[in-house]
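For reference, the structures are reproduced in the following blocks.
Shared between the two complexes below is chain A, which pairs with chain B and chain C, respectively.
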Partner chain A sequence: MSVGTTAPTPAEGQLEAPSDADPDIQLAEGGGSKSPLKIAMTRLMRDPVAMISLGMALFFVLVAVFADQLSGLEGQNTTDLNLDLIGDNTYPIFTANTEHWFGISSGLGQDLFARWVHGSRPSLIIAVASAAGVTIIGVLLGLLSGFLGGWVDRIISWIIDFLLSLPFLLFAIAIVPIAVNRYAGTQVGDYVDEEKVATIRFLCLIFVFVLFGWCTLARLIRGEVLSLREREFVQAARALGVPTRVVLFKEMLPNMLGPIIVSLSLAIPGYVSAEAGLSFLGVGLRSPSISWGLTVATAQNSFQAHPIYLWLPVLGIALLVLSLSLLGDAIADAFNPQTRR
Partner chain B sequence: MLIYILRRLALSVSVVFAAIVATFAIFFLGPSDPAGAFCGQGQNCTPERVAIIKKSLGLDEPKTTQFVHYIEGVVVGRDIGDSDSSVKHCPAPCLGWSYRSNRPVTDMVLERFPVTLSLVVGGVAVYVTLALLFGVLAARFRGRLIDRVIVGVSQFVPAIPYYIAALMFYLYFMVFYAIIPRSSYTSITESPWAWFTGLLGVWLFWGAFASTGYIRYVRASMIDTQGQDYVRTARSKGISEKRVMYRHALRAAIAPFITLVGISIAFELTGSIFTERIFNIQGMGLLALDSFNTGDLPVIAGVVVITATFVTIGNLIVDMLYGVVDPRVKLS
Partner chain C sequence: MRWTKVVALAAAGTLSLAACGGGSSPADTANNQASESAGTGGESPAANPTSDAPEEKASAGFMPDAKGPAPEIAGAKKGGTLIINAAGAPTTFDPSGQFIQDVNQILKQYVTRTLTGYSMRDGKSVLVPDLATDLGTVSDDGLTWTFTLKKGLKYEDGSTIKADDVAYAIKRSFAQEELPGGPTYQLDYLKDGDKYKGPYKDGDKFAGVEAKGDQVIFHLRKKWPTLPYFGAFTQTSPIPKAKDTKTEYTKHPLSTGPYKFSTYKQGVELTLVRNDQWDPKSDPIRHAFPDKVQFNFAQDAPKVAASIMASNGPDAFTLSYDGVDASIYNKATTTNKDQVSTAAGPCVSYVTMDTRKIPRDVREAIAMAWPYEAIRKGAQMTKLDYSPASSIMAPQVPGFDKYEPIKLPGGAVLNGEGNGDPAKAKQMLKDAGKENFVLSYYYSIDNPLSVQVNTVRKQLLEKAGFKVKDIGLPRTEVREKTILSKSDANLMQGASGWCYDWPSGDGVYPALFKSSLVKSQQTYSTGFLSDPKLDKEIDRISGLPVEEQGPEWSTLDEKILKDYLPLLPDYNSKASAIYGTKVKNVIVDPNQGMPEFASIWLDQ
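Moving on to the complex of A and B:
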């Protein structure tokens, strides 16, 4: 299933043709009826806030992708200790120099630039993975629930209502120790592999985000299906004997790209923020993982003597989430027919 | 009306029950090792001792029996421990026994409840006031500079992660420059003034931050109701603009807002983990967080159950209030 990247395919028997074929044909005809996706894209391109946010978000994505190269350029890595550069009071004896561009951390003296560029990675990877999982499960269950109706719908709807009444944050807190207990074995005397625990924590975060994230999307999709189900082109397809699977994915799904893209773009900044937030609380990622949230938690204690240590990850999280959120808002605006000028 | 309330009540009870079942399933049927946690990490923790603890906590019984005991504890209370070792009585509603603190979970949670409640009630008072004030203001001067500034701020601020803003506020305004009194909690019965000043900074910051998320709702529904027929009728009757705004338009616009606030109050009772952690207020959220660090699962489970109950009660109250505030809604 490809969501969000491909242009909607033409739907059989579609009367109003809101979503449409090959963009090249559209261009050749010189306008006329445009697909909602294209209209939204055009509006987005003209929105300065969206473009600035996009630029900023892309900057962070590039930093995350080329983190190794960037720290290689500086000639440092994330783990080397520089205890000789730490003064008696556990603070570094300098702020920044040509060897350590952003200085070093208090206590252990690890290079801050290398850790900063690597710190953007977990947030982005977890956010993208969670968003992908949420989209697949949410769309699938939403489609099933709305289209099949009956007891399938009742069960899925009840699960959605139930999950939404549970406190997300507390479950996120609880699931990590249970999983670590189960898969890494913390019985007395057991050897606990740090790398393995780090991986479990990483996967747990994705799991929790997906578990609590799919319900809102599924509910949205269900509503869309209920309204689309009665439309002529779907009725026509069903009358022609098109299999349910094909009706769902070829006829209905392309018409829901707008809401799916909007919910995705609004969810991603939430996951970035949640990952860093949970790591900050000490219930998300932990050392040896490198995460901005984790750095904020440790740097908090030396913010007076060594402010750059705290400010770097703080600015990283704030700017990344800010740019992604504003971009999400802009995308939601662009897809909203009510704000169309 | 009565039938509606009863039906709504039955639904709420079923959701709370389901939450208890789910919590039990996740926390106690899971592969956690409460006896090990109770026993500790030191040399004294021999396999024999783990077995004794398991027996005294009833962990050696079948899971179904454990569940029946758990539910029994919630309804009528229960005794924990076997007959020959020390028996601990856990009165209803018993949400389990803390392995670490060796006391009933219910007591621990209820002890922290007033703290979080003070935090949430004060914060909600601030944000409701600010959201209504700025929302109505923006709607009244729609399209003008003041409207654009308010809308701009209300779009920009929620895009910054709350905990980052709160942390910087705490570190710089309460610690570094000390403009605002450092946050702390004193019981209101002990000293109302210390209670007030200790929480004031948190209320103002959290309230102001949270209000930005609601201003747009208030503004949108105010604009929406102003176009309604009954508002036009009210205007045509020659009622003053102020009265039209507050008695007619705002009253209808406030109904969806109440839903949001009601749900948020219930959620904030545990969602305040970040606030409590950053401002170091020993509430329910921090209790859950500390229990996480010590592996004290029954306490986290207890907080989950209590929160789910609050969320459900919150929803119930909101539904009831809805009819009172918005005359157009008939409960049936």
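Moving on to the complex of A and C:
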């Protein structure tokens, strides 16, 4: 990307081959051979918005990874009740101090900093795991459906259409109790260990996100494959008798890296906010899991008297989603040879 | 009765109170998560007090000679518009088909007069005659009660109130199908009450009630010494048959009190204006100071609380009976103390223990470990919402001796205070050889406050050496499961509290501790006691004359806790009202858990 450089920008509507005008690609040509991936990376590195967003996202990743150490540094954990610090009005008697950096929750007096750093974990894990699952399944089925055609294509396309017609939210709400019953092996109303329920809910969220996420990506990939399939290099490879597997993964997949990475980077912030939203509504994670969405749900009653309780998880979600979205946008731009900024 | 506010609190805090009769959603406060659960009412357990002994005209808490007009209030001024902002949204104002705390008080204080009524005298709530000349006379066999109407009483349209109309209204309260939501005591006590289905289905012929001249006569199936309290139910408020619009009546109940309906939009607003046909000289209960009373329903409680505390413009003339929101607690207890009125409410909340499943020594360990205050903090209850309880009955009931909190042999004191002693409880369990005793209970998983409460409860019980099996369910299922006689839970089953419908023990103990309750599938039995000796004692006291019952009930109260320990008294509800700086003389009636609206005046 050429922000901050003195590179000339082609006039609007001018139909020029990108390689003639884009300094990155000129550079690439000068250097002999550079793959589209490398070109995109170079453009990305020069984008300050992308770099700031990346830094922010990395910050949250580090917070999530070192959550235990961070709360250890503060000297608190996520579950201890500090009832002596709760006043008669059921709100904490202070906002924040050196022992409780972000204060404590109203009613229970649990340390909010410890809960905040631990709250970033499910957001990131669920988002990354779901995005990875979506990408793998979506790419695989998209490739197969596009390349093989025929009845394979028809079946996969039908499944995609079917899944896209299902209401996501209803499904997300309905699947959790079913899964708890199914995998905890009990009747409604029987005792199930809450840790087990928490794990099942965690996996359920990932499952639902993947189930509803892969179809759009598969559709996209299928379209790309359909156009690539008739290109000369693919024809040549097939004429030479290269096995289908190799054609798919060595010839076609590298050419679709752009759209895949773009979809991946835009999916992650979507899943972060979806996790928080579902947890807020009570259909996502559930106590004793710690999640920003859950904290928002309990904090909303205390908003007027104890605002820090609500603000911090909201800020966490907002910053993480914003930085990931901006990063995703920047990546999309970097991979698109048509963009100029 | 549906004591909406307390139900709300209890749902948030520990569990839902069960006592209050059926009826549809009264008070889903818009903002308060806690009270969402008030939406689904438990079926009325219809306490079935039995009485076998003869009795006479009662007097405990009674003031049969009270005459109108109501006692003068020094400095009271007439005029102005009183605004009442409520979080609840009443669905009905039909006097026959309501049994809900707020609707009840609005109707009784402003619109409909009843045979008898509660009035605050010298800080005490007493029962006084209202439409009737006295609190009723009972026949020698105890099966016939007679009330005589005062003369010259009129409806808002100028027509005369007749004894026939009172009798018709009582018959109308049997039309439980057409007008659901009312109490069911009359079905149980009045003659043929179990068969009669109301005037719409079965016509006017009903043996349970009769009008003779200006007399209303009740014929009973079994003795009912506390019937004068039933006279204060809006179900005894007269309705002329010719003007009965059935299900439409809720839109404009014919006024007999100081105010009449002017505009009414269901669940949104109600405006009351003066009823010029009301004669203050005949009424020992009500005043009529403001010219107009404006109710706004389904209001956002924290917002209302903040604006009342600020008291700007019309907010200075505004009152809210939804208690003191935690967000204004500090103001309400210090600088703005004058804008708060608080009194005990009629509800007591319990921690029930299934005596069939939890042995006595473990029950004592639970009593030692129970973190009352931590749980209340978790439920975000403030001291304006509760006071610690030490008895099964609310202590303000007439004749009740408030005994010293019981000290159990194991050392625990049943005073509803403190955070328990986990170390001692652990030792008690160890001594009993019951370490890691499993306590299981249901709690509502879709209410953040109840989840928060469970976090405290579970953590602190585990600290005391119990193993906790907490079964999280959606709140509607929790309601169903907690009243099952056979269930997986051994803690917090049955009634999680009780609100009396009239201030006497015969509406409380029989409904909680009789052994017949344990046999039914769904039960409010508390602790699942089944002891014939206890049954007999309850029956004996229920049959005593009303004024002798009070002390006997308190002796029994103490005995049940000491000898059976089926529950830990948790807290007594408190009823609070907050109001703007120009609203004067707000007194909360502890028997109703609501402000006595009719005494309020405005400082213009």
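Annotations
Everything below uses one rule, namely that the second predicted complex is superposed on the first by the 303 of 341 C-alpha atoms of A that agree within 3 Å, B and C clash if a C-alpha of one lies under 4 Å from a C-alpha of the other, contacts with A are read in each partner's own complex, and residues count from 1 in each chain.
Note that a contact is a pair of C-beta atoms (placed from the backbone, for glycine too) under 8 Å apart; a residue touches a chain by one contact, two chains touch by 3 or more.
Owing to the predicted nature of the structure, the values given are computational and were not obtained by experimental measurement.
By the touch criterion stated above, A:Asp329 is placed in contact with chain B alone, chain C being left untouched. One of chain B and chain C touches more residues of chain A, and that partner is B. By the touch criterion defined above, A:Leu83 reaches chain C but does not reach chain B. Once the two complexes are laid over each other on the shared chain, residue contacts for A:Leu108 go to chain C alone; chain B is not touched. In the superposition on chain A, no contact is made by A:Phe207 with either chain B or chain C. In the superposed model, A:Arg286 makes contact with chain C only, not with chain B. Using the contact criterion defined above for the overlaid structures, shared-chain residue A:Ile178 touches chain B, although it does not reach chain C.
In the superposed model, A:Ser165 makes contact with chain B only, not with chain C. In the superposed model, A:Thr298 lies in contact with chain C only, and not with chain B.
Of the two partner chains, chain B is the only one that A:Ile317 touches; chain C does not reach it. Residues 188, 282, 304 of chain A lie at the contact with chain B in one complex and at the contact with chain C in the other.
Residues of chain A touching chain C in their complex: 79, 81, 83, 86-91, 106-109, 188-192, 194, 197, 282, 286-288, 297-298, 301-302, 304-305. Within the complex, the chain C residues that touch chain A are 31-33, 302, 306, 326-327, 329-330, 333, 373-374, 377-383, 419, 440, 442, 445-446, 448-449, 451-452, 454-456, 459-460, 469-473, 477, 481, 488.
Contact residues of chain B toward chain A in the complex are 15, 18-19, 22, 26-27, 30-33, 36, 41, 45, 155-156, 158-161, 163-165, 167-168, 171, 175-176, 267, 270-271, 273-274, 277, 285, 288-289, 292-293, 295, 297, 300-301, 303-304, 307-308, 311-312, 315. Residue ranges of chain A in contact with chain B, taken from their complex: 161-162, 165-167, 169-171, 173-178, 181-182, 186-188, 269, 273, 276-277, 280-283, 296, 300, 303-304, 310, 314, 317-318, 321-322, 325-326, 329.
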